[in-house]
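Below is one structure, written out as structure tokens; the observations come after it.
Letters A, B, C and D mark the chains as written, and numbering starts fresh at 1 in each.
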Amino acid sequence: MVQPELAPTWRITEWLNTPEPIDLEAQRGRVVVACAFQMLCPGCVSRAIPQMKAVHELFAPQGVLVVGLHTVFEHHEAMMPVTLHAFLLENRIHFPVGVDTPADDGGHIPKTMQAYHMQGTPTFLMIDRSGRLRQQLFGHVPDLQLGAEISQLVMESVPNEAGSVAKPEEVPPPGARK
Amino acid sequence: MVQPELAPTWRITEWLNTPEPIDLEAQRGRVVVACAFQMLCPGCVSRAIPQMKAVHELFAPQGVLVVGLHTVFEHHEAMMPVTLHAFLLENRIHFPVGVDTPADDGGHIPKTMQAYHMQGTPTFLMIDRSGRLRQQLFGHVPDLQLGAEISQLVMESVPNEAGSVAKPEEVPPPGARK
Amino acid sequence: MVQPELAPTWRITEWLNTPEPIDLEAQRGRVVVACAFQMLCPGCVSRAIPQMKAVHELFAPQGVLVVGLHTVFEHHEAMMPVTLHAFLLENRIHFPVGVDTPADDGGHIPKTMQAYHMQGTPTFLMIDRSGRLRQQLFGHVPDLQLGAEISQLVMESVPNEAGSVAKPEEVPPPGARK
Amino acid sequence: MVQPELAPTWRITEWLNTPEPIDLEAQRGRVVVACAFQMLCPGCVSRAIPQMKAVHELFAPQGVLVVGLHTVFEHHEAMMPVTLHAFLLENRIHFPVGVDTPADDGGHIPKTMQAYHMQGTPTFLMIDRSGRLRQQLFGHVPDLQLGAEISQLVMESVPNEAGSVAKPEEVPPPGARK
């Protein structure tokens, strides 16, 4: 198996549902599940968003960070931030959502979407406690598989600086400060 | 039973998916099924819109006119026509959709929504061959009931000028000209 | 269009959920919707039976007779009447169900199933007020279509002896006695 | 948290879909997921059985043993083994299914169901690599949760005789012989 690489940095212009921007690199020790979506993509609204809400409810208490990435690559003028704000309210989305940065060159594909070579929306990203991109899944993912794959990352031990492992239970909870 | 009244006139600022505005009063002799929706209403996107697409596919060949009414009563700035255009494309909606006219007085409820005293979205309107509003249903309507109620209107005879009735089969098809 | 023929007589060995056997020929003036099923057929249990229960709830008040036909054509020894009784209880089926008569010649296909040339289960039969078989549909039928087709038969006028027509509203309700 | 206890022994009269009876005690080192069901229980047929088939497909390659337990506690005469055989064929169930032993005293609740104090069907049992009953869930379990809980047990290390732990990858696959 190819060794998974570190998840590329997210390029976000605006964060919603969070008091501070989310720095992916600062999440080491924590499992991160992200879903790239567009609010006018029917498969996102009907299936992926309800799944992510359920993932947030089930896994946030286990320390998993659930994030939405609004990766607009078509109908840009139709999906402005003002509409995204209303979309989050109407769909009762309470986890953080970042707006992907438009391409510099006037291209259609925003920067985070480019960095991950995404094929479209929805795309699920699963990032382990070491910051490596372990899964990237485009399209519909059955709930049974989604739950299994996230749980697998949650159960993995955390490498510490000395190279020994800590049990997941010893990872400080998400809100903890040292 | 109270005699159903004529369906109030629609107050539309812009029509999409149709070369000409749709005049409800000109549809006499034809069954009309309309769905008032908002593109950011999750129940509309997940359930009512797919139902209306199925209604259009099943009943348009029987002469039924299927129409969407975009009745924005919240987050007005988030649901502008440019976004509605993209929404229709993304959801592959091919039947006509009219944009309800905003209230004069700066109120939230647009004019057609007011005229029908709608409670919210989605709301289904079923209008018979005589132009009478026979059903107005707010919220989710099971497919079995929806199919039954539309079919009932389709089967009803059409009163002609002299007061006698024509069988439904004798009604000219929707695109016919005399 | 070929003129629909009279629905063949049902050949039933035992009726459940009804005090008296149901004579199809005695139902003239009434719309009859039947579903041929097998209790071990997964598509019947998951989809057709719940549909028929919904059809019964929606259309029985409109005078439609809803009937199940247990047409066992495989695993005969596994689907004996004692098991069917329990099946009806567990699935809360309250409409009449008739057990199709096994073939005389030791064949697999029971007699009613043979008479209708059914391809398998579930099969829906729609019989109009004149006793004609208007629709026979094998497999899954979407609710919207099912509701529409039953409603169409309900709305049709009833030919009386003199050849004139009565409006559906004048048909005596199912339990009425003259 | 209360220390989970060893899963009680299964009391089975007949095994289907397996060349040899399954001895629960012999499964140490392996995760076992069982579903107690009745073939005439609608929630079992519509939801739990399809879930168990998906669990088998997803987790059997990871060494999980998926088992059905036919725990008849009502309509005993309606759910005899001959009918269960046909049920497995019709529902395309390929994992092993054991028939729970009827009560000695003429009671309704069969012996395995009694030993686990089950409330009804479906009931999911999740047994870890050490043979402990880690979860017992009655009724519908969402796929996301089911996948997460099974994956958690799969990821747990296996205690060996000396008390040290082996990584899951080092567990011999299910069919392996030493």
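Just so it is clear, a contact is a pair of C-beta atoms (placed from the backbone, for glycine too) under 8 Å apart; a residue touches a chain by one contact, two chains touch by 3 or more.
Computed from a prediction, not measured in an experiment: that's the story for all the values here.
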Fraction-based call for chain C against chain B, same above half, different below: same
Chain centre separation (chain C, chain D; CA means) in Å: 39
Computed distance of Cα centres, chain C from chain A, in Å: 52
Interchain centroid distance [CA atoms averaged], chain A/chain D, Å: 34
Category of the chain touch graph - line, ring, star, complete, other: ring
Residue ranges of chain B touching chain A (in the complex, touch as defined): 39-42, 45-46, 74-75, 77-79, 82-83, 85-87, 89-91
Of all residues in chain D, those that touch chain A in their complex: 51, 54-55, 58-59, 142-152, 154-156
